[in-house]
Amino acid sequence: MKYLYYPGCSLKSTGRAYEESMLAVFGALDIPLPELHDWNCCGATAYMAISELKAFALCARNFSLAAEQAKGDPDVSLVVPCAACYLGLNKAYRYMHEHPDLKGTIDKALQSAGLGLADGVRVRHPLDVIVNDIGLDKISSKVTSSLAGMKVACYYGCQIIRPYADFDDQQNPTTMNRIMHALGAKTLDWPLKTRCCGGSLTGTIEDVGTRLSYILLREAKLRGADVIVTACPLCQFNLECYQTTIGRMYHDRVDIPVVYFTQLMGMAMGLDAKALGLQRLISPRPVIKEAVPVQGGQHVGA
Amino acid sequence: MSDTAHKTDGFQPRIVAFFCNWCTYTAADLAGTARMTYAPNVRVVRVMCSGRLDPQFIMEAFRNGADGVLIGGCHPGDCHYQAGNYKALRRYILLKRVMKEMGIEEGRFRLEWIAASEGDKVQRVINEMTETIRKLGPLHLEPVNIPATAHVQVGTDKAAVAARGGVS
Amino acid sequence: MSVPENRTNGTPKIGVYICHCGINIANKVNIKETVDFAAKLPYVTVAKEYKFMCSDPGQELIQQDIRAGLIDRVVVASCSPLMHEATFRNATGEGGANPFMFQMANIREHVSWVTFDKDAATVKAKALIAAAVHRVSLHRPLEQTRVPVHPDVLVVGGGIAGIHASLTLANAGKKVYLVEREPTIGGHMAKFDKTFPTLDCSACILTPKMSAVRAHPNITLWTYSEVVGVEGFVGNFKVKVRRKPRYVDEDLCVGCLECIEACIFKKGKFPDEFNQGLSQRKPIYIPFPQATPLVAVIDPETCAHFKTGKCKKPCADACQPGAVKFDQTEEIKEVAVGSVILATGFKAFDAARVGRYGYGKYPNIYTSLEIERLVNAAGPTGGELKMADGRKPKSVGIVHCVGSRDNNTNAYCSRVCCMYSLKLAHLIKERTEAEVYNFYIDMRTPGKGYEEFYERLLKENVHFIRGRVAEINDWAMIDEEKGHLIIRVEDTLIGRVRRVPVDMVVLSVGLEAQPDADAVRRLFNISCSHEGWFLERHPKLAPVSTFTEGIFLAGACQGPKDIPDCVAQAGAAAAEALALIDKGSVELEPNTAFVNEEVCAGCHTCLNVCPYGAISYIKEINKARVNGALCKGCGTCVAACPSGALQQNLFTDEQIMNEIKGVMNHV
Amino acid sequence: MKEWEGGHKVQYESELDPHFALEIASIPGGDKLFSCIQCGTCSGMCPLSHNMDFTPRQVIAMIRAGFKDEVLKSHTTWLCASCYNCTVECPREIKITDIMYAVKRIAVRKKIYPKRFPTPVLAGEFFGLVENHGRNSETWLLMRLFFRTNPLKMFKQARLGWQLWRRGRLSLKVDSIERTHELKSILKTIEKEHMIALRNNSAAGKEAHV
Amino acid sequence: MSKPKVAFYWCASCGGCEEAVVDLNEDILGVVQAVDIVFWPVALDFKRQDVEAMDDGSITVSFINGAIRSSEQYEMVELLRRKSKIVIAFGSCAHLGGIPGLANTFDRAAMLKEAYLESPSVTSGNTTIPQTEITVPEGKLTLPELWDTVKSLDQTIKVDYYLPGCPPPANLIKEAVTTILEGRLPEPGTILAPDIALCEDCPRRETKPDKLIIEQFKRPSQYIIDPDQCILAQGFLCLGSVTRKGCGAVCIEGNMPCTGCMGPTSRVKDFGAKAMSAIASLIDADDEEKITKIIDGMADPVGTFYRYSLPASIIHRSYQKPDGGGAHNGA
């Protein structure tokens, strides 16, 4: 089994902390996770609106690169933390397997670029890899400062779970909850864990998008969550960065830390706060402070 | 409805199907009752059980001009006669090997378990198989008794191939 | 090369009759062209067409031609042989030829009904006719054997369908074995409060029939029992029934309940199956007051004696007749019957499978079957509908189509849910005066008095929202929603998404095939539809028959059905069984295998191939021999016989080979 | 329009496009569209249906009936956040999200979309960035988007931008892959194939699935 | 009255059939006395021209062994057919195509390539493939044309009777010769051997279990055959149940399984197909994987089931697509 890390654009900018914390966690677990060399954009949801076929072809190039980089290891997986990339790549994988005509066209396109079609490269989310490949036992064994006492709202968002993921239930996923339990944290039972955060609408039609984020933030706070844990760069961005705007819009205090699940993992495993990108968070971090005293690092807060 | 069911031009494959009375033949009747249109290329020969199928029948069908042969029987465990379909499966697996070695493409010979309720599967399998064989093209088995002259005059391999294209 | 034996007696004279089937065939197949084609086939002396070959004048055509000596073999090109083979064999026989000098070409189900293009249909019809002509030219006269039909009947399942079928047969003087898996008969109907649309009390109309079963001298009632083995064929089945030990002697128990009173468990502790787990029972119990037989049963899974061995068994002491018998063991009964009626019923859909409806997650969400018990005066709450906290619900949402009309669960409509939802809406409104909301996709009320009942409910001020409920959860958007269950749905008639807060939710679960339906169908050698329902022989013309002669279906095991339909079908199944019994004998298809002893080399290949042990090896002459009475006619041995010494009547190698030649050549 | 007139009118059959449904159904698995029973599960599951001028269920009905203009002009597809709730729960397995994309693609091609909605602009900008560089650069994407739709917004977001910048979450670098030539020839071939498909399908009255 | 004229000819064969004639031992003398041998290239110095010079139908009976796979063989058997009253296909190769018939899984080009280009050779660099015609300084040289497909005798000329076996058993030859010489002619097309399977004559017939099943296929080269037990029951592929008797079960006597040289009974059209049907029926497995595993233990199914009868089988030869792409060349 060989894993290759596919970052996508977000993990190189707004989601940098996700990248940093995930690589730190995998490093601490001794799982090599080299980056896919010369990866290109997954096509994302926006691309689908222009040309689905082009989006598939873009994904297929990544598969070819992965097969190339894996040097013949047939069991190669792209580890894709971004939900949109995960969906886009997975969709391409599925459609190529379900529609031979499509596969033929893509093969032609790849050939024109001197690449070979690699339809065996699997697309995996780090949640899936951590729970199903690495295992919760190993995670628990690495915990040095338990998150006991912390109540987290696991928020999965849409596209990791729907419609293609087969590693968890599509309406009531539990993978992230199980990880949090392994870290010692309590998880919130709430019905909104896969409800949309607004996605890219927050950037385009702000009032519509932020309303969805507001519903999530409010319900998490109402139910007494200390922190919202996410597994998607856009979810994290929407839920964290618009808190002030939302507060103003709805006259409601919705301040609650929003972190990546890998950051909490890193904290519980005693990794350096900076290595986990904690300093890149905007929202206040009382919870995080409580769990792990921030070592050095510049003070950041709003 | 599939396009296969409507195609009237070009090569029309001829497929002989051996269906067991209790499951697949009944399923084909059901497809009819439900008016499921499918490719007109299959001609069904009814046997009581897929276990009745002697490999000679399959070969005879090919010899008589079939481009494909389909066997339909009850699902494993469902045989009306307890185990006839298992015998069919054993013969099929062995025969398939021999057919392959004899150069007959795999798509031309197929066994499917189709239960009495699976009219839609009859439709799907027949359409699929017709399409597959349409792509493979006609099966021209070499006639057994070629007019000997065809051989005597053979000069090149190309001609030999042409000679094989004759009709038995 | 080998020379085929000439098995035809004289030159065959074949008559080909092509049926229009009204326009069913004639619309797709060019009849005239087909008749001309048939007339030119080898040995064909007569080729005719007719509007309906299966009609009397159609059959008469065949008979006249045979009588006139024009033909001695018959091909009818019409519908499926499964439909009319018997009809035309009879006609052939009536005309004076052997009935087996007949072959059918299926140009309706296999041609006209499934082919788009008219020319292609004509070509295919010709091929099938040519095949039949080739085949029939090698047919030989055959004789059918008759075997007597055993007059007793086995009925499997003691719900309303099984009860009704048993009583009908028993009243006609036939002996019936009624086998029920549970400790009592009654099935689902015994659990219902009222029945739609008349709202008469379910128990009131069912229990007299249950008692009648118990009392009827012609019915042997075996509850707590299961069929474990079936052998034989129509008219002659041998059935094995496992009687599970109930640890209470049925003949001695008087149903006085003293044993239950005496049990070391002072109160019920284990989920009561009859009440859907909404109440508790003791390890020794009687499912409900009208249970039939009214005999206690001990559940060894929960009984202290069986669990620990340390119980003092006060139940046994309390029983005056001494009916409690801890040493009872399982018993296997073997009976001979001539026919079987399967009435094994259905299973309610498991609502937890639709996660977004929150069943099992939130309190106050019930399935319809649970509500039946909760509104039932004999149920766990004495008929009072209360919420978990004891309050009466002020609003109740009834969600239709749970586990029905959904490709993710069951694609079919369960047929009864609309009506029972209306019934429950009425009962809930009546008992609690709550606001009742029905969420439906389409309202289906096809039945006598059903639409009228719907109208009655509309007038009773029940809310009807057309839309499939998307989700049910407990997060409030506004204060008014707090503390309620929120039903989110699009009101499709208005085109707006609504959030309806309610205190209680009823999930109208659909009907599913029994989880062991597949095992049962294998036992009885019948088929299931892909949803798991037992498959009838013909959806319209043989709705209670199966593809296995002598096995009939009644009730919801064949598909979702309400009570009137179950009863009607049970009566029909009983009538089919009676018809078979009164006929007295059945004719067996003469398609058995036979050994040509002259050429059998005694190689043993066939012996183990036969699943019925019908072939034996006669050592003295070194030949195999087929026992015609045991042979079922599958032909597997014939295909296996390495030297062609075995052949099958109606399906000889030559006949099949000729059919292949016919189907491929000539077109 | 007078107050009492309402927005509705009699819909003449001749104004509808009978091919529209077929066009949409030509996406992989799209023929399930015709199995719709109008149950409304999609709309009920949709977190945004209350913002839409037509609920997703209505859009499906309109596609089937041939209300092409109305569908293409509708806000509904542009409000779809691709959360796939409808697709997963549809009792007839209709890939509603994919259908929304199919509608979007036709709308973009025909340049019919609500002017106030920047979603198609975002898609277009994104497309351009990826086509040229193989990667998207979030910062540039957003800046260009704001610039093209609502430059004022850029100032409104300045505070957030500053916060992100300070924390190293904004990068002004335009990221690019090394082997852009590969990408170019892949996309070129796809375009060529698409043209061939278009030509083959135009006879059948369908638009190609792209 | 002159003695009946008899001809012997061999086509694609190993020569074993000729041996068989000689194997008649003293009896051959009787035959030789009773007839006039007019043509027998193996033993006597007659030439083709001698036959050509005879009147049509003047040979009483021609015994032809070997399969037909070249233009020369075809010319010769056609010639003999014209000159003979009776033609007897002698031995498995003439009867069913025989072992040379297994070449029908290849085509000519593949065979020539294998024989002349790819097989190891002491003279390197030789890339000559024989041609039917070549002009050398001395003039034009010709060779008979090798056919693509091997034929049984009756696929090229009309055959009156068949003497099956590889080679035909002496007693059957004797009986056939006597019958014909005495003018007791059987029905045309008759196979001159009993029409019943070999199991009947098998010395191990009593040891056959009622429950005949095969859990594993064994090869005689890997396992020792119990000389006292039914060979098939031991898992060795004995085809005695499919094969016509008449050979006296000599192979079984020699503790080797029957390979089917006598061909099928008259009720079976395709020896290999029927053998597969019978043998597969005995496989002791019901799921695809297990069945496949057991069948994997069977080496070369075509060669096994069609060892003597591929050209006479229903399929006749491996299928070659009209475009020339032979999917069958590997074996």
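Labels A, B, C, D and E are assigned to the chains in the order they are written; within every chain, residues are numbered from 1.
To be clear about the criterion, a contact is a pair of C-beta atoms (placed from the backbone, for glycine too) under 8 Å apart; a residue touches a chain by one contact, two chains touch by 3 or more.
What you are looking at is a predicted structure, and each value in this text was computed from that prediction instead of being measured.
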Mutual neighbours - chains that touch chain C and chain E alike: B
Top chain pair, ranked by number of contacting C-beta pairs: A-D
Chain ID, smallest distance between chain and overall C-alpha centroids: B
Whole-Å gap between the CA centroids of chain B and chain E: 30
For chain D paired with chain E, centre-to-centre distance based on mean C-alpha positions, whole Å: 72
Whole-Å separation of chain centres (CA-atom averages), chain C against chain D: 49
Centre-to-centre distance between chain B and chain A (centres being mean Cα positions), rounded to whole Å: 51
Residues of chain E touching at least two other chains: 268-269, 274, 277, 281
Interface hub residues of chain C, defined as touching at least two other chains: 356, 471, 609, 636, 639-640, 653, 657
Junction residues of chain B, two or more chains touched: 54, 56, 60, 83, 87, 91
Chain-to-chain touches, reported pairwise for every pair that qualifies: A-C, A-D, B-C, B-E, C-D, C-E
For the chain B and chain E complex, residues of the former touching the latter: 54-56, 58-60, 62-63, 76, 83, 86-87, 89-91, 93-95, 97-98, 101-105, 137, 139-142, 144-146, 148, 151-152, 154-155, 157-158, 160-161, 164-165
In the complex, chain A residues that touch chain C: 169, 171-172, 190-192, 215, 219
Complex interface listing, chain D residues touching chain A: 27-29, 47-48, 51, 78-79, 81-85, 87-89, 97, 101, 104-105, 108, 117-120, 122-124, 126-127, 130, 134-139, 142, 145, 153, 160, 163-164, 166-171, 175, 177-179, 181-183, 185-190, 193-194, 209-210
Complex contact set, residues of chain A against chain D: 9-10, 12-17, 38-41, 43-54, 57-58, 60-61, 87, 95, 98-99, 102, 105-106, 108-110, 112-115, 158-159, 162-163, 170-171, 194-196, 198-201, 203-206, 208-209, 212, 241-242, 245, 279-282, 300, 302
List of chain B residues in touch with chain C within their complex: 1, 5-6, 8, 12, 14, 16, 21-23, 25-26, 28-29, 31-33, 35-38, 40, 43-49, 51-54, 56-57, 60-61, 64-66, 77-78, 80-84, 87, 91, 115-118, 123
